[in-house]
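Sharing a structure, written as structure tokens. Questions coming.
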Amino acid sequence: MKTKKVAIVGASGYSGEELVKLLLSHPHAELVAVTSRQNAGQTLAQVFPKFASHPKSKGLRFVDPNAELLAKQADVVFLALPHGVAAEYAVPLMAAGCVVIDLSADFRLKSADRYKEFYGHDHPAPELLKKSVYGLPEIYRDEIKSSLLIASPGCYPTSILLPTIPLLSAGLVKSQGIIADSLSGVTGAGRKAETDYLFCECNESVRPYGVPKHRHLSEIEEQLSLAAGAPVVIQFTPHLIPVNRGILSTLYLEPAKPFTSAEAMAALAEKISQCYAAAYAHEPFVRLLEGKSLPDTKNVVGTNVCEIAWRLDARTGRLIVMSAEDNLVKGASGQAVQSLNLLSGWPETDGLV
Amino acid sequence: MKTKKVAIVGASGYSGEELVKLLLSHPHAELVAVTSRQNAGQTLAQVFPKFASHPKSKGLRFVDPNAELLAKQADVVFLALPHGVAAEYAVPLMAAGCVVIDLSADFRLKSADRYKEFYGHDHPAPELLKKSVYGLPEIYRDEIKSSLLIASPGCYPTSILLPTIPLLSAGLVKSQGIIADSLSGVTGAGRKAETDYLFCECNESVRPYGVPKHRHLSEIEEQLSLAAGAPVVIQFTPHLIPVNRGILSTLYLEPAKPFTSAEAMAALAEKISQCYAAAYAHEPFVRLLEGKSLPDTKNVVGTNVCEIAWRLDARTGRLIVMSAEDNLVKGASGQAVQSLNLLSGWPETDGLV
Amino acid sequence: MKTKKVAIVGASGYSGEELVKLLLSHPHAELVAVTSRQNAGQTLAQVFPKFASHPKSKGLRFVDPNAELLAKQADVVFLALPHGVAAEYAVPLMAAGCVVIDLSADFRLKSADRYKEFYGHDHPAPELLKKSVYGLPEIYRDEIKSSLLIASPGCYPTSILLPTIPLLSAGLVKSQGIIADSLSGVTGAGRKAETDYLFCECNESVRPYGVPKHRHLSEIEEQLSLAAGAPVVIQFTPHLIPVNRGILSTLYLEPAKPFTSAEAMAALAEKISQCYAAAYAHEPFVRLLEGKSLPDTKNVVGTNVCEIAWRLDARTGRLIVMSAEDNLVKGASGQAVQSLNLLSGWPETDGLV
Amino acid sequence: MKTKKVAIVGASGYSGEELVKLLLSHPHAELVAVTSRQNAGQTLAQVFPKFASHPKSKGLRFVDPNAELLAKQADVVFLALPHGVAAEYAVPLMAAGCVVIDLSADFRLKSADRYKEFYGHDHPAPELLKKSVYGLPEIYRDEIKSSLLIASPGCYPTSILLPTIPLLSAGLVKSQGIIADSLSGVTGAGRKAETDYLFCECNESVRPYGVPKHRHLSEIEEQLSLAAGAPVVIQFTPHLIPVNRGILSTLYLEPAKPFTSAEAMAALAEKISQCYAAAYAHEPFVRLLEGKSLPDTKNVVGTNVCEIAWRLDARTGRLIVMSAEDNLVKGASGQAVQSLNLLSGWPETDGLV
């Protein structure tokens, strides 16, 4: 199988580090460059001792990011940068013929206005918004295969969109009144030296944040609106919990047709079951839980899998859907590699199981 | 001030242990007996080395629970026992003239049928249900003062009822459609040697459980219904998170009158603010957060305080209320001591700050 | 009992915060001022929401540190500052007649040269070194009572000195070859926004640091030398472990007279037992463990107690002593309050149990 | 490359689970059977949901252990059983022609008497002790290649032997007076439903245990004695720390020839450096840290690598060596797979990077 040369811009953060790990072990990708302003000049092994023993890590040394140079070295460039900064690299890299897989929020929205509303500044490259594909393979597999600019989804959005889109698309749940209550590990905050994320401030602590208008709402609602065929506005409350990795989302949905009998409830359950099976039974990275099982982040951490379980509540008439994923893998770097596999024509699971 | 002799039945679990701690340091209570079948014969210091240095712990030794003997020794007996078992002790203790403060679920409901529905067996002492008072001091202060049987509330219910009751009572929110999404530390599961609660099964893990019909719904809904003056059915999803102590509840409520303008929203915000101030501004154990602050369990752990913050969401029209408490203190033993203070005529905060 | 007015310079770090907690609840101390450059202007409750519900916290607002003003307000001033900085405040405060209890390393050593060797800069106020008393109450109780400048011991030193000094003083162990292997919670690193202490860098991680010459060796060896009556050089290896609080030290000592029979070993054990009992049986804040018990930080966290257990090893001839303390209480702020009690003529345990 | 059929007896504990993970992903091993008395009848995916998405997990279902059946199915059988029990399976499996890789302590010692001293019962199959090879590939690579019974080392022993054996073999350190102070994650205690290992008993806790005579001393001392060519008795203190995985060992060694000058110290440092380089520079699973780096369990967790760093202390004359490993990988299952690779003629790193 043809190999590809890949580079990572911004490889010293948590998702950058996870990308390094995945790409070093990928059977067809050759990691040729890693950049980091603060670590430029150091070897990969100096910054991340755990990679020192990996045979493919030997020659790798962090360099300052330089789009021109990167474009000469790599076929595909991953951007693991803050929003706003990613676009600065995407433009010249694409101009030079590289495929770009962006892990930031810069190309996830179709509307530059919505970007400005949620991110607080003008979009740095609005002309690219129509070229980008939202890199959620279970929904946009075909588009990803032929795209030159992949906007890899956010961690919270992945955990919310995967369980919700099939139900909305099938018309099984109302598009209004959706609530997503999410819990995230601390890597989600990035490797930032801020007091709020010190060990002693997060350990033995649980707290909501970003209430009620978190930035990820922009892409969640855009994607849900596409699925529903109508504008969707949801409630979303993120919480920080003391684990390194993992997102658990609990979703509260209302059946499109309220059930009023045990029979109707059973019939709806059957439809939901079939809807999910049709969407995901053959997906390698979505696990539909059965029986009494409920999602648990410890069962997905370190994997590219999103677990989903659901319950109908006879007392309230609601549908509760719960999902779990590793925010750095299916919620970031693993999903980005999944897109790499798709656009490279490699088996979708290569390097991910 | 007159002192009282107190005893704890079931003092070897987490809430029992916390009760021991609080009562050893209480200025007017004298802890005269602690029972535990499994630890009978051992000194308090042998079972809990941390109490060994407390001057008042010296003579205390665990004994087998015996209602007759306890009734002779103590004025007030705390029951920190599993539901179903607590009632077995409450009956003879009350008959012998003791005041009983029960931390189990046995006397929290007014309806024996509802008890059976949620707890799976006939109520063991239905005749006592009309004598018991639900021991939430902020709501039932006067009743507690003159009661002989206090049913101390559950941990989840406390975190949900305190933020919700004033709003329902004031008619500011709809009584239907309420959702409570709660996160609890692992002491909530008790000191049970079960694989599910081993360190390695809980650490680096987050998971929902008891979906969709957790037992605590019974008392939550009974109390909310009383506040609303109409039957209330809510959605409640508990999650287990890797901290020792602490409950964080996020509540999704709908304003009774939807707001349709910024002015209406501001007016509603003012009403909510006044409602909470009227209910809790002078309460020593409820903290209304101001400004940008949101609840964080680390700010309440080890205290008898419940923190509350709220936000109106202009996009969804919903009211989001968040609360934090220590499940073993305000959610269990601290609240029980608060009731002890009330019924003993002592200052309500004695032994609790 | 006569009250005293106390102030804390540097009250926004972890030991400063713990001091605030202890002093707010102290029966005879009145906390009149808290300083913090970064939080000046904010109320205590804004910076530490958990103190908001404490009745005595109401009027307190962080101010910029100003020795002249503090001297007018307070009888006793606690310095919870970095080494080098503490001395800058101690000099004018003492000149103005305040008693100073310093939690930094600035006045712990008797030798300015040794200070320079370990702290890398000239001592800022060498003339005060002979006035200061090493604030370890179990060893220097009488000196503390009449001192105007208390150098409160470091966290690691407390956990090592308490178990070792009685043995050395009694000549039961050799003064050479001592090894102290210590494990500390992350509050020991202070509330510093550094990447190394982020949640995700400390959680699921254990690591040694400062090997082989940690600064705390200077005071440990000075005190052990005084106890032994001869120069003592020890091996000390600190490790960072993922807990908020707690230090566990394991000490490897050699009996002064090697035992060569079971009888000799039993005789030595008896002597050690008597030595510790003589030193600590009546100490309120040292707990000598009995039977099979070994120290566990969870049994001392939140208390001013240091737990000690020991074992003779028939196979190696060594004495292993293990101690546990809360680094922020007995290892810092609790011990400082213990000194406050002593020099104020209050019962030594007031405000500490 | 020729594949082999492998089975795991006792696959429901932590090391069994890790073996399943490694063997499912191994390029040449085919996992044909997993046994567990308690889970017999359940699919692998039911017991461990995280394996459900692995393509090779499909047909696997836990069965009751039956040596006769296993011998027909598998070429190599891993025993992840308690000591004493493992031997019961090893005997019939070997008789039936299987290669056995035992993760228990049953075949690690050459002396049945020593086994009885440390494990408290007669050795169940003493005749096999001379056939077994101690499965530490860095030391016994050639013997492992041709062995039919591999006694895979314990987790603590691996972390102590790898750093110590080369120094003892080279005569650089004294064989007497060695101290090993070790810290282990809680998976080391196994998946046992005991109160001591509950989340709330381990979280925010650090404690020594098994002082002074832990069972692992038997194999550590046997191997060190072989390296030193003389009987070695060491001091070993294990501690339990609140992480899932990882062992950090700090070793205190005395140079064979004490150094008395900076030059002598530098010369010794050079010899130690060369000794370690000769032993491990080409070992894929030993990482010699350079510069200021010290071991950190987070850099080895999830890998088969043991990190080693060392320091000479000019003040005490001692050599401090520190090592870190994942107790479940290099300390158990990874090392066992490393042996499988060796005895199968496969590249030693297959399935392990």
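To keep things simple, chains are lettered A, B, C and D as they appear, and every chain counts its residues starting from 1.
By definition in this document, contacts are C-beta pairs under 8 Å (C-beta built on N, C-alpha and C of every residue); 3 or more make two chains touch, one makes a residue touch a chain.
Small disclaimer: the values here were computed from a predicted structure and weren't measured.
Chains making contact with chain A as well as with chain D: B, C. Distance between Cα centroids is largest for the pairing of chain D with B.
A straight line joining the Cα centres of chain B and chain C is 37 Å long.
Per-chain Cα centroids separate chain B from chain D by 47 Å.
If you average the CA atoms of chain A and of chain B, the two centres end up 38 Å from each other. Of all residues in chain C, those that touch two or more other chains are 201, 203-204, 242-244, 296, 298. Per the touch definition, chain B reaches chain C in the complex via residues 25, 46, 48-50, 52-55, 204, 284-285, 287, 289, 291, 293, 296, 298-300, 302-303, 305, 307, 349, 353.
On the chain C side of its complex with chain A, the touching residues are 14, 185-187, 191-195, 197-204, 242-244. Within the complex formed with chain A, the residues of chain B that make contact are 179, 181, 183, 201, 203-209, 211-213, 233-235, 237, 239, 241-246, 248, 250, 252, 294-298, 301, 311-313, 315-316, 318, 320, 322, 324.
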